[in-house]
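Each of the next two complexes has subunit A plus one more chain, namely subunit B in the first and subunit C in the second.
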Partner chain A sequence: MWNLLQIELFKIFKKPRTYLAFAIIAAFIFLIQLGLLVNGKDWMKFMLGSLDETMNIDYSKLVNGYAVCFFVLNLLLVHVPILVALVAGDVVSGEASMGTLRLLAAKPVSRTQIILAKYLATAVYVFALLLWIAVISLVISIAVFGENDLVVAKTNGLQLIEANDVLWRYFFAFGFAFIAMMVVAAISLLLSVMSENSIGPIVATVGIIIVCTLISEMEIPIYQKYIKPYLFTTYMLGWKGFFYIGSTEDGETIKGSIQYLPGIIKSMAALMVYIVALVSAAVFIFRKKDILS
Partner chain B sequence: MQRIILLLLLFQFSLFAQAQDINVLVQKVKDKINLVNDYEANGRMKTNVVFLKVPVATVKLFFKKPNRLRIKNEKGISFVPKGAVNINMSNVLSSGKYSVLDAGNDKVGSRAVKVVKLLPEDDNADVVLSTLYIDPVNQVILKTKTTTRDNGTYELEMSYGKYIAYGLPDKITFSFNTKDYKMPKGVTFDFEDGSQKKTAAEKEKLKNQKGKMEIFINGYIINKGIADGVFN
Partner chain C sequence: MPAIIKVNNLSKQFKEINAVDDLSFTVEQGDVYGFLGQNGAGKSTTIRMLLTLIKPSGGEISIFDKNLSTHRSDILKQVGAVIEKPDLYKYLSAYDNLAIFAKMSGIKADKKLLMEQLKMVGLDERAGSKVKTFSQGMKQRLGIAVALVHNPQLIILDEPTNGLDPQGIADMRNLILHLSRELGKTIVVSSHLLSEIELVANRMIIIHKGKKIVEGKVAELLDPSKSLVQLETVDNVAAREKLLQTNWAASLQNNTVKLQLKMNKEDVPALIATLVTMQVQVLSVDPMHSLEDYFLSLTTQPGHVESFAN
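Then we have the complex of A and B:
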């Protein structure tokens, strides 16, 4: 299995498109950082809305490394699935289109092992991608903008997390994001198993994510009640839960707390169920598949 | 007839004497406050606003005559209400351009106080009316209510300790009007954590509530000079 994983990793990381995702992310984050360096205060004023009329706020402190990283994650984690699909959608169908899948299936390893090795190799890629995001968006942002308290805007209010209570939340948030991206990888893998070319699974995965995200965000009661609870996109924003801090009745934040941990655990569990179901389906289909290419 | 005239004269005299008394009391309070040219104070600030969740902050207060005040969070970020400049009584009394009205007696907690209304002489001033609740024994202000033209009503309660001789409080409670806070969901992309959502009636109840800021002061450094740059 280890050898198989190494081979799959070699295949993923020798393709130029794999590094395209890293380059896109670096360029995107750099543009955000540059923009916030120039117009960060204006952006913060917009985010805090009418609060500016009631309160005196030191905007120079608000635009700090933690806030920049939070902003980057808000924008980026919606789009990272596309970059995940770019690689995961190709792992099986890419070999089918190149004609190497038959050779692979002829090796003395089970088809289950092949699929699991491909999925694990995709997991390594996803992990590397998120690590890259963490390094650029968090480490570099802290180096450029400095550390300070993090202000998180919600629909009905604002919360302030002290600087020394933020970092661990990022570790868990990135951990959660990894699980969420692995669901996307599992969808792509399943579609890749069913396809003979790479474009189909990649486009289909992106399409599924767009449709599901739109339904998740639409405030239409019938969707909210009957469809939304079953969509994986509903649970993908769970990483944000680590930045919703608990508080007393007076609104005083409780350091080291999470406002609603059960909600995060539920989201994580739902995503794990999706992963198991999708990867099992991929294994099942691949085992039954007539490999003709 | 002579008796009636005498009674009227006595009544008028008592009114005049009362007005004189209240002016003297306000002047004494003002004299006490005027002992302080500047101060630096360390304290802890607790903010209670319905749409804000913030930790208790360690703050420094800087004041310089006539009316410059800054509340600064040395380490982190703090949301300081716009009207907080009024927590310094010097800002209320220093101008001297107001009429003083005696509004009788009242109680703040268990203490008997004189109620004084200050009416600004400037018709265009932002402050429309200030009501002071003065402790006549210690000659300090225990409570104020300030009605402004644009920013609603502020309330201030103060308790004194070591620095009562300067009219500087140990604890300040500042109440102010808050406006509704709302962000479009498309901007925040909230994570729905499954916690119970507030009903429309509950949301309506939260609108335009009073916010409260409490400052607990550990100690003052008085009249040692403060650089103007602190207030920038």
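Then we have the complex of A and C:
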């Protein structure tokens, strides 16, 4: 299995397409950082809106590395699935269209091992992608903008997280995002197993994410009650929960706390169930598949 | 010789189509076994079933005396294959492709071994070049290197000369003969071109519409004493009726369209003499010597072929 994983990683990281995602992310984040470096205060004023009139706010402190990273993640994590699908949708179907799948499947390794190795290799790619985002959006932003308290907007107002209470939240947020992206990778893998060309699974994955996200966000009771609880997109943005800090009855924030921890755990569990179900389905279909390509 | 491949009553259905229909054959150790059939005859489907790429609808395959479905991994460790086009990872070098498939075949191949393998197929100087820069012939040679890198006992080559130029075809032929004669490998080679098989195979099977038409030694199938002789007369139906009244009846093939006899070529003058005596007006007499004639005859007239094979 280790041999197979090494081979799959070698193949993924030898493909120019793989680095496209890294380049896109770097360009996107650098653009945001550049913009906030020039107009950061104006942006923060806009974000805080009318609070400016009632409170004495030091905007230069609020536009810090943590805030920039939070802004980046809010914008970026919605689009990262597309970049994940770009690679995960190609892992089996790409081999089918290239004609190498038949060579691969005629080797003395089980088809289950092939699929699992491909999924694990995709996991390494997703991890590398998120690590890349973390390094550029967090480490570089801290280096450029410095560390300070993080202001997070909630539905019922704003909350302030002290600077020394932020970093671990990012660690867990990226961990959660990794699991969420692995659901996307599992969808792509399943579609990839069923297809003979790469474009189909990639486009289909993106389509599924768009449709499910739209349904998740529709405020229509029948969808909210009967469909939304079963959609993976409902749970994908659970990473934000790590930035909702718990508070006392007096309204004081509790350092090191998380407001809705059971909700986050439930979301993670739901995403894990999705992963197991989708990968199992991919293995089952691939084992039964006649390789005619 | 012990059997390396035993196929019993193999079949594969794709919806309504019987791609392979109750096919049985045996490949013995050391054979260069020709697998012949026109395009769409079921050759590739059968070969893919031998390599576990396609699951049979029925029947059994055993290789090296082991059931393929229960000992897949053990068997495939000793099998090398080139399956139709030599498709490899275009964005990787020849060396990387070879290293990947060596690893997947379960061997620890060092650089020396891999370079030797590339040298064997004349690609050592292009080891670092990406496959996308290779010609079809070079890809085919690299495909052969991939198939042989783990020193398999059984080599399966599905249409290995597809897309090759005459020199490439000759090289492939020499390689097959070298692998068989010098290294004692058992080889299954499929083709729709009889001329290729004729030059390399010692045993062969011909399939048509998924069914076995004939199986046997190439030398016997080419034996002049078993030549088919095709007659063309002014009235073939009348000629057949007349021949059925003579000693030639046993040689007549069950064919309502063509008038063919299985007979010694040396007896052709006697046949003509008989026909003249019976006042049959003969237009032509064609002894069909070559395997190609035989193949074309078989695949266009299956009913007649079965009788020829018996």
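Please note the rule applied: the second predicted complex is superposed on the first by the 293 of 293 C-alpha atoms of A that agree within 3 Å, B and C clash if a C-alpha of one lies under 4 Å from a C-alpha of the other, contacts with A are read in each partner's own complex, and residues count from 1 in each chain.
To be clear about the criterion, a residue touches a chain if its C-beta (ideal position, glycine included) is under 8 Å from a C-beta of that chain, and two chains touch if they have at least 3 such contacts.
Not measured: the values here are computed from a predicted model.
The superposition on subunit A brings subunit B alongside subunit C with room for both. Taking subunit A as the reference, the larger set of touched residues comes from B, when subunit B and subunit C are compared.
Of the two partner chains, subunit C is the only one that A:S110 touches; subunit B does not reach it.
In the superposed model, A:K61 lies in contact with subunit B only, and not with subunit C. Computed from Cα centres after superposition, the angle at subunit A between subunit B and subunit C reads 180 degrees (steps of 10).
Contacts of A:I264 after superposition on the shared chain: subunit B is touched, whereas subunit C is not.
By the document's definition of touching, of the two partners only subunit B reaches A:E252; subunit C does not.
In the superposition on chain A, A:R102 contacts subunit C only, with no contact to subunit B.
This overlay, made by fitting chain A, leaves subunit B and subunit C with a least C-alpha separation of 41 Å.
Residues of subunit A touching subunit B in their complex: 47, 49-51, 53-58, 61-62, 74, 78, 148-149, 151, 153-160, 162-163, 217, 219, 234, 237-241, 244-245, 247, 250-253, 255, 259-260, 262-264, 266-267.
Interface residues of subunit B facing subunit A in the complex, by the touch rule stated above, are 46-56, 73, 75-82, 84, 176-195, 198, 203, 211. On subunit C, the positions that touch subunit A within their shared complex are 48, 51-55, 72-77, 79, 81, 83-85, 87-92, 96, 100-101, 103-106, 146. Interface residues of subunit A facing subunit C in the complex, by the touch rule stated above, are 3-4, 6-7, 10-11, 14-16, 98-100, 102-110, 288, 290-292.
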